[in-house]
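Consider the two complexes below, in which subunit A is the common component and subunit B and subunit C are the respective partners.
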Partner chain A sequence: MTLNDQQVERYSRHILLQDVGLSGQEKILNAKVLIVGTGGLGAPAALYLAAAGVGTLGIIDGDKVDMSNLQRQVIHFTPDLDKAKVQSAKEKIALINPDVKVNAIEDLFLAHNAMDILKDYDFVIDGTDNFPAKFLINDACVMAKKPFSHGGVLRFDGQTMTHVPGEACYRCIFDDLPPSNAVPSCSQAGILGAIAGMLGTIQAAEALKFIIGKGDLLTNRLQMFDALKMKFREVKFKKRATCKVCGENPVITELKDYEQPVCDIRQK
Partner chain B sequence: MTAPFRFYQSAPTLIAEQDQFEKDVKEFTAGNIHPVKFKGIRVAHGVYEQRQEHTYMIRIRCAAGGITPQQLKKVAELGDKYGGGEVHFTTRQEVQVHEVLIQDVLKVIRGLNEVGLSSRGGGGNTIRNILTSPLSGVEKGEAFDVDPYAIALTTRMIHEADSWNLPRKFKISLSNSAEDTGYTQVTCLGFVAKINDKGEQGFEVYTAGGMGAKPMVGRQLYDFIPENKVYQVTKAMKIMFDKNGNRRSKYSNRIKFLWKKLDRDEFVRLFEEEYNKIKDDSSLDLVLPDLKNEAKADISISPETVTGEAFELWKKRYVEAQKQDGLVAIKLPLRLGDIYKEDADVLCDVLAEFGENVIRCDRAQNMRLRNIPEAYIGNIYNAIQKMKMHLSDIPAFIGNMINCTGASTCKLGICLPRGLSDAIKDRLVESKLNLDNIPEFKLNMSGCPNTCGMHHVADLGFFGKIGRKEGEMYPAYNVLAGATVGAGITKYAVRQGDIASHHVPDFVHDFLENYIEEREDYDNYHAYLEDGGIDLIKSLCEKYKQVPLLEEDPGFYKDHGARRRMRLDDMGTAECSAGMFDMINVDKRFIDSFSKALEEGNEEENLFKILFHSSRMLLVTRGLDSKTETQAFELFGKHFVQTALVDERYGDVVTLGKLGVKAELPKHKDLILELAGDIQALYKKMDDSLRFNVAPKEASTAEAASEVKKKDYRGVACPMNFVKTKIELEPMGSGQKLEILLDDGEPINNVPNSVKLEGHKVLEKEQNKEGYWRVLIEKK
Partner chain C sequence: MKITINGEEETIEKDSLTIIELLTHKKVDMPEMVSVEYNGEMLDREKFDTQAVTDGDKVEFLYFMGGGQ
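Our next item is the complex of A and B:
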């Protein structure tokens, strides 16, 4: 038995669950999750995963906390303005749960460092705000055979799916990057803060389910919701033989950084 | 007779360590030591396996890049006799002998003893060769000579046992001026000589620099420390690194990663905690050697006079006046950093006439000769002309190109920069570009993202990558440009694009042609880059984008100088820091394979092996090494069972193992398998600092399976009483029984039902006279 009394108490509501129990909690404590981006999605995901006792949380983000972030990126507080986001997040995580080891990487997730960063983790959460990063995360995870949760939010809408090796990937449904400016970014279109929270916590739940090995993951289906109407919709899709990265004849065999203007926030 | 001059003094334990190493080599050759364990042993002796199996490279320490003519001659002799023939000058100012077979490794190492050289610490997680500016001590305008510090520090460090088992390699360098020709900002710990306002000698200190796949420019630790604190700073950093470095992942445990992990304030705080303990202890000050840069008093040969255009051109290219009047320093460019025995003999015999402090290795893999009286320049020229292989007759640009050995010998290599270097040389020499205009241009190449070829600090740099066309691999390079080197201003080169290996010579030619033509218009190379140079690189990448199909041009898919098409199946993992985790994994795999074999029968033998590998697996994490099976059991009993890192109930089977009573083991099959499971679980729990984080044992762990376990949860509120019940049940075997005491009311109304919902049986439930309840549960 490895849990001390405080831990038993801290995680008691997990241990009570038949699908988690002590062994599930031990898995969580031994798990390593990488969160790419500590913004709207990464912030709630990080908070919940830290509280859940995920043993190692990797957080990577090259940005500093900006005033416009505070409306939804709930891991950052007003006194953190101008602080590196990963530093701010690391401090909060330590306050929530000292059991959690945080690898804070103040950098962008790019082709040259992706594989190296990924390799130590069991699960990846895509909390990024731009398509080049989303496709890069997909390609890197497919190549490294790592499961990951995709998430995207805009205005009042959200969408998420989970990839595990061997099942459909993000490119199976979205073949390639949309043309520049075809899709507005958060800074252009706006976002209701709570939407990011809804989606980030779905992603955290997927990560935890994967870790304990219970339930049905969002694989081969895309979950979408419109929070203005508060309607959820699921679209089923399959692994595509002609997929550029996970298909039978992949044309993407090495990572590259796609060029597209990223969210304006970052360029400020 | 006085002892011959040496750049460092080997530790007195060296011979004993070599004796042990010799035994290990024998055991390894006999198949009694696993290759992975042997790797951990040999790299610490500077012995690396090359790409060809069973062929080794031996790296020899040269403090401050210094080697005496007599020493170099000996290395060349050993290389000729036991190796591939050449002595290789590396980018870390040391020399290597290549292609040594296992049976000759000790002969080379013992041979080095004769001249006071050592390969100890050439690799592994140790204090590596300590570097300095190649002209330190003789350069005009330097702050002061830093070589004596590097030499004294080397001797001190290699005498300290804790230098040999650090979390990762530890690189140190010193520069003689703010020009930073010692590259202090790209190394773990760097010292830049400076004179402060009061006229005192001292050092600016940098730390946490490093190149490699995740490069980081070093950060200033101190603006000024007095010159006598070099040892104290190094020692404190070593202790701090030893205590806090990440030993678990060899990919992210250099000092630079520690800085990133801790942040500046915490890093400095932890460092100063150690530094303040020893800072004022002057008994620790280095005792500097009296290293003289002067003409030898009794030169027995007579000066040779040489005239002619070729000689004058050579002088212009390669000879410069030292700060000592009447003496010169001479650069001797080597082709790919190699020198062969015949050439080394010719050269060293002449050099020996001028004393012992006459050679330095530089980071461009060239030799630097020093302390040659002006009158004797002709003698050196004539000696060089007698050499079969050198680059002294062509522009210095060529000899300054840096390349790592690449995939020809290195297990990590992707491309072959040696072949590329030759191809570039041929292309440029044929081109008639006036390379004498850019003698100091840094064109650096590495075969892979590791930075042995120093591409991060290049003016124009390349590092190997795999290109793919229609699924076929071809050799290619990433292109970088625009590094700055200088104390406090170092910046790494930035990646600009990529290009097929076979296009690189043309690419380099086209780029240099433009640069040589336009450079006059710019203040410096950076200005040129900013104002079109970078654009030119990008457009050249575009121009040379075409890659022929494999059918059209198979040669394109074979690297420069390669005998066959590019392949990666013979690539290995890094040689440098094998060790602990690899060894643990070996035992882990053995446990798995013997567990499988166990299903087939032969219980006695297989259980013994499982018990043995389980016992040995984590010994290494306590710094314990077992030479025999008996010793492994003994150490395990002492350090794991008696310390309660594993349950005491394993004590008896471990004793059986120690006594070798294999026949008894099948009776304890379950227990042995449980031990194997516990050990692996313990390993999982281990943190980066090798702590196991095990909660203190409860008293009654040794209960037999048949006994009923009892727990008193009176006074424990819902739902914690159920949580604790679950925790007790979880590790129990099916059918085992647990008796719990619960309070009346909510607890008795809820807990038994919850237990049942989980699938367990509630066998009995009875209320005691005092009102509390006794519940007997059978695990599902």
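Our next item is the complex of A and C:
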């Protein structure tokens, strides 16, 4: 594809970058990224990926906009209350950048639809808020050989890693779901909105780096930060031979929906 | 022994501790919330009560973080 004059102007600050240039911007315009969840992480990621000109953005979320979302889910505005999040997000993306085609899926990302949804995309962003969804995204992406960015936030802390096919996965660090009562979710523990933004934009940057094929992705590294002290730290890790999904003898060979029997840890 | 926990060197008045004992020593009361990397390798949870930590070892405690909405 060739960029028209308006596009050359719109993306001029990308094009000026030696590592992006016209060819990188063309790759971005041809790319397809799936964002699972349009909440605290998915909202900033979607805004930046839309502005960057990612050609196709898939957004999946089964929730409606709630008053308590507006403190951090910056793609949703006050007049959007009670609107489906994917509809609200789709409208904003269209306003930011008409170059972007949006596939809005008002549904949960579950074992029965995961593979079918994933197959159309080049890169996946985990913007979910619960472990059943995070483990499902990991397992589905490993099986479908799709790269993805994991993100998790809690209070003032964040963590993120990027999986690409053949490299370590989320289960290489976190073998299986934690006991459901052991880990608080944001709805129980709170989150400083700006921290979700920090992490969501890291995830968007990883997606763009993957698309243009430049730089070093957060593969085999877990990047963690404590925003209260504003300290970043990374831990390198390796593919684990005993990993249940990507190890030498994987025991997980098909997707399933995990139960989280207590409290309000639900996919929203 | 001198060991490195989460990137910081610490002196512990013991010659050796298992991972579980180290988690207790560090007052991590819910070890099921933590994944452990021992000298650069992710450690299987079944080895938490047998793997000995001794002088010069590097240990990382990695916490589950599930939020995102």
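For the reader, a short list of remarks on this structure follows.
Methods note: the second predicted complex is superposed on the first by the 260 of 268 C-alpha atoms of A that agree within 3 Å, B and C clash if a C-alpha of one lies under 4 Å from a C-alpha of the other, contacts with A are read in each partner's own complex, and residues count from 1 in each chain.
Heads up, the rule we're going with is that a residue touches a chain if its C-beta (ideal position, glycine included) is under 8 Å from a C-beta of that chain, and two chains touch if they have at least 3 such contacts.
Everything quoted here is computed from the prediction, not taken from an experiment.
Legend: residue contacts after superposition of the two complexes on their common chain; A:Thr78 is shown touching neither subunit B nor subunit C. When the shared chain is aligned, subunit C comes close enough to touch A:Gly152, but subunit B does not. When subunit B and subunit C are set side by side, the one touching more residues of subunit A is C. Look at A:Ile15: by the touch rule set out above, it reaches subunit B but stays clear of subunit C. With both structures placed on the common chain, the touch criterion links A:Ile173 to subunit C but leaves subunit B unconnected.
Once the two complexes are laid over each other on the shared chain, residue contacts for A:Gly127 go to subunit C alone; subunit B is not touched. Residues common to the contacts of subunit A with subunit B and with subunit C across the two structures: none. Those residues of subunit C that touch subunit A in the shared complex are 6-7, 30, 32-33, 35, 37, 40-42, 44-45, 60, 62-69. Within the complex formed with subunit A, the residues of subunit B that make contact are 213-214, 249, 251, 260-261, 263, 466, 468, 471, 495, 684-685, 687, 693-695, 719-720, 722-724, 726-727, 730-731, 754, 757-758. Of all the residues in subunit A, the ones that touch subunit C in their complex are 37, 39-42, 69, 73, 126-131, 134, 151-154, 157-159, 172-175, 178-179, 182-183, 185-187, 189, 191, 196, 222, 224, 233, 235-238, 240, 242, 265, 268. Contact residues on subunit A toward subunit B in their complex (touch as defined above): 1-4, 8-9, 12-13, 15-16, 18, 21-23, 30, 87, 101, 103-106, 112-113, 116, 120, 253-254.
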